[in-house]
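In what follows, structures are represented as structure tokens.
Below, chain A partners chain B and then partners chain C, in two separate complexes.
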Partner chain A sequence: MPPVQILFIIIAAATLGAALMVVTTSNLVHSALWLVVALFGIAVFFILLDAAFLAVAQVVIYIGAIAILMIFAIMLTRKMVKNPSPQFNTNWAWGIVISVVFFAGLFWMLNSWPGVNTSMPALGPNINPVVDLGEALVSPDAYVLPFEVASVLLMAALVGSIFIAWNRK
Partner chain B sequence: MIPLSWFLVFSAGLFSIGLFGVLARKNAIAILMGIELMLNSVNINLVAFWRYRGLDGIAGQVFAVIVFAVAAAEVAVGLALFISIYRRRNTIAADEIDLLKW
Partner chain C sequence: MGDPITLIANWLSGLLTGWGLAPWLVTLIMSVIGIVAIATFVLLVDIFLVWVERKVVARFQDRLGPNRLGPFGLIQPIADVLKLLIKEDITPEGADKIIFNLSPIIALATVILLWGVIPLSPTILGSDINVGVLFIVAVGAFSTLGIIMAGWASNNKFALLGAFRTVAQLVSYEIPMVISLEVPVLLARSMGIHTIVNSQNVWYIVIAPVAGLLFFISSIAELGRTPFDLLEAESEIVAGFHIEYTGMKFGLFYAGELLHALTVSALFSSLFLGGWRGPFADQIPLLGVVYLFIKSFFIYFVIMWIKYSFPRIRIDHMLAFNWKFLTPLSLSVLIMTAILSKVLQGVSQPVYILTMLLANIVIAWITLTIVRRYAHVQRKQFTEFRPVAVPEKAQVTTTNP
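Let's turn to the complex of A and B:
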């Protein structure tokens, strides 16, 4: 088995294990830290897929901003509980059933598509995905308009969230 | 060397785990963590299809960048709402925030 496949299996097992710990741990701060581990695993997958900018952006944006924001919000919404209540609501068994059925359905649908076992095409000597991505995001013939709309959306969401969470006392 | 099916099955599994987290957890921030897992699995799917389709265009990666921005915006608004709810009702369990139920 080539070493890339072994690496893929190890990182996939680590990421899925960390994701399972995210959704089952009762301590919420532990859950956020397992989420950081899972996001690091996703960044390694981006590097395996030759998307170098997305791997760095994943670490900086998801781990450095979003996960930190979640930890802040967890710390701002803690109650001093004497006996901590269980972290699952009353319908958790239905949750297991629905996710297992969903995964089985996706697996069956993927296996019935003939193109699912294609191998990775070679990258070519002059192709640089980071340069292509940079040019596509600011070129008027390419994707500058969705890029600018996404940044306006982000600005509106952040101004709105500051206003919502303002302490009016 | 790694067939496309491995990436797709992995992202389907990650999506199902995030789906279980959304459906079965009581704390609202834990639900938000499940949503983040689902968004990351979709990102892996997009970039895997971009890489395996002969690198025609860069639309897969651009889509993933837009998903990054939208996920950040949604987490910010969601957490601001949870902090505001916690200040008023002193709870953040999703089944105790039920003022709009009939």
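Let's turn to the complex of A and C:
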């Protein structure tokens, strides 16, 4: 087994374990911190795939912005930390069935795809993924339209949040 | 010649390969040795920083500072470390033990992590990743997380207040910092810090002084140093997030804060002051380390100078200063630099530098004019109404019981 594969298994186990802790821990702040661990595990996956930009963006956006705001919101609600609600409701058996079926479907689908057994091709010395990604985001025959639509959507969200928070006097 | 570190690294990796180890194992061992070496070096500098900080603040406050142990009190920091190590380690009741103990480690580790991407000299550098600048921002996110964890886990209302202030301050000051970091990225056409240093034939502080100043101000806010030290304001919330920490756990926070200041100085030097560049640095790489540290310590001195001469800024002023001043200014500087660097493609070097400098001066002048006008309006507003107790207007009731 090549070392990258061993690393992959360790990181995958850690990420899945952290993800499981997110939903089973009764303390809300703890589960938010476990979420940080799980998100960081995803960032390590991106590094294993030679996608450094995606890895760092994952950390900046998901840990630097989303997780911190979550923890901030949880810290403001003391009562929820002190009196946790039960972790399982009556539908937990159905949840297991659905996730097992979903996992089996994904497994079968990926197994029938020929690309699953090929190893990752190495990047050439003259390939700069960051530059390629940047150019693809603004070139008209690549992703300029989705990029602009997403920007407009974010702009609308910004304007909307200011409108809600505006104190008219 | 002049580069013993690369020499030792090459010799060691040759030796390990000669022992018949697999190439990936050799890379792993060399990386671990490199990480341990750079972290140890940085932490040793950190012990020295305590002495520098105490000596400089003493001069600012017209005192002598530590002067008993060793020449110029140089052994004092070692005595301090020993004192912190043998102090009683208290975990407050009701504290979240794991998170409480984890957060000082995160606070110091994130700072050391930043040294991985700062090129110390043309050949001595931790890692030349092509997203170096974004990596700095990502690590900053983790240091915010460490402070929040400390504030929450302490089970103390002042610590929690400190954590709240931290989120408000660090998250908002991240925006002008990231935008002003874009300017050197734009000028060097790369996010790798090594490439940015290499392309600084002229220091970027000359080409983009406004962006440099913005990065400097917002990184002082990220440090949480005066005038932005609201997260540990002693007179308001006692000591903020690290109120409950004792002994070496407090020491880690303190060391992290001092080292973070030096790290920010080194980053500023790398991005705007040419990093290791200087006379003969290309021939003798060890000289590059010396140049980088001279520049960094100069910036470190400026940070201390600001720290010990400015009063603390009020919290609403802190947020208003960020959102109404720094963010619009950094956005306009970024847009101006982007347009100019596209327009000026192909012109000769002196014309390029002069135009960039001139554009920066124009932006600074316009900003100052707007600020002056705003201040004028504000001053008028506050001087017109002066609520003074006037005898005929005051309703004096003279009823003697």
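Following the convention adopted for this analysis, the second predicted complex is superposed on the first by the 146 of 169 C-alpha atoms of A that agree within 3 Å, B and C clash if a C-alpha of one lies under 4 Å from a C-alpha of the other, contacts with A are read in each partner's own complex, and residues count from 1 in each chain.
Operating definition for what follows: contacts are C-beta pairs under 8 Å (C-beta built on N, C-alpha and C of every residue); 3 or more make two chains touch, one makes a residue touch a chain.
No experiment lies behind these values; they were computed from the predicted model shown.
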item	value
Chain B versus chain C as contact partner of A:Leu145, first or second or both or neither	neither
Touched partner set for A:Ala57, first chain B, second chain C, both or neither	both
Comparing the two partners chain B and chain C, which touches a greater set of residues in chain A	B
Contacts of A:Met75 with chain B and chain C, given as first, second, both or neither	second
Doubly contacted chain A residues - partners chain C and chain B	53, 57, 65, 69, 72, 129
Footprint of chain B on chain A - complex, ascending	2, 4-5, 8, 12, 15-16, 19-20, 22-23, 28, 31-32, 35, 38-39, 42, 45-46, 48-51, 53-54, 57-58, 61-62, 65-66, 69-70, 72-74, 76-77, 79, 85-92, 94-96, 98-100, 102-103, 106-107, 110-111, 115-121, 123-124, 127, 129, 132-133, 136-137, 142-143, 146-147, 150-151, 153-154, 156-158, 160-162, 164-165, 167
Residue numbers on chain B that touch chain A, as the complex places them	1-10, 12-21, 23-27, 29-30, 32-34, 36-37, 40, 43-44, 47-48, 50-52, 54-55, 58-59, 61-62, 64-66, 68-77, 79-84, 86-87, 90-95
Chain C-touching residues of chain A, taken from the complex the two chains share	3, 29-30, 33, 36, 52-53, 56-57, 59-60, 63-65, 67-69, 71-72, 75, 128-130
Of all residues in chain C, those that touch chain A in their complex	24, 96, 99, 129-131, 134-135, 137-138, 140-142, 144-145, 148-149, 152, 160, 163-164, 167, 171, 174, 191
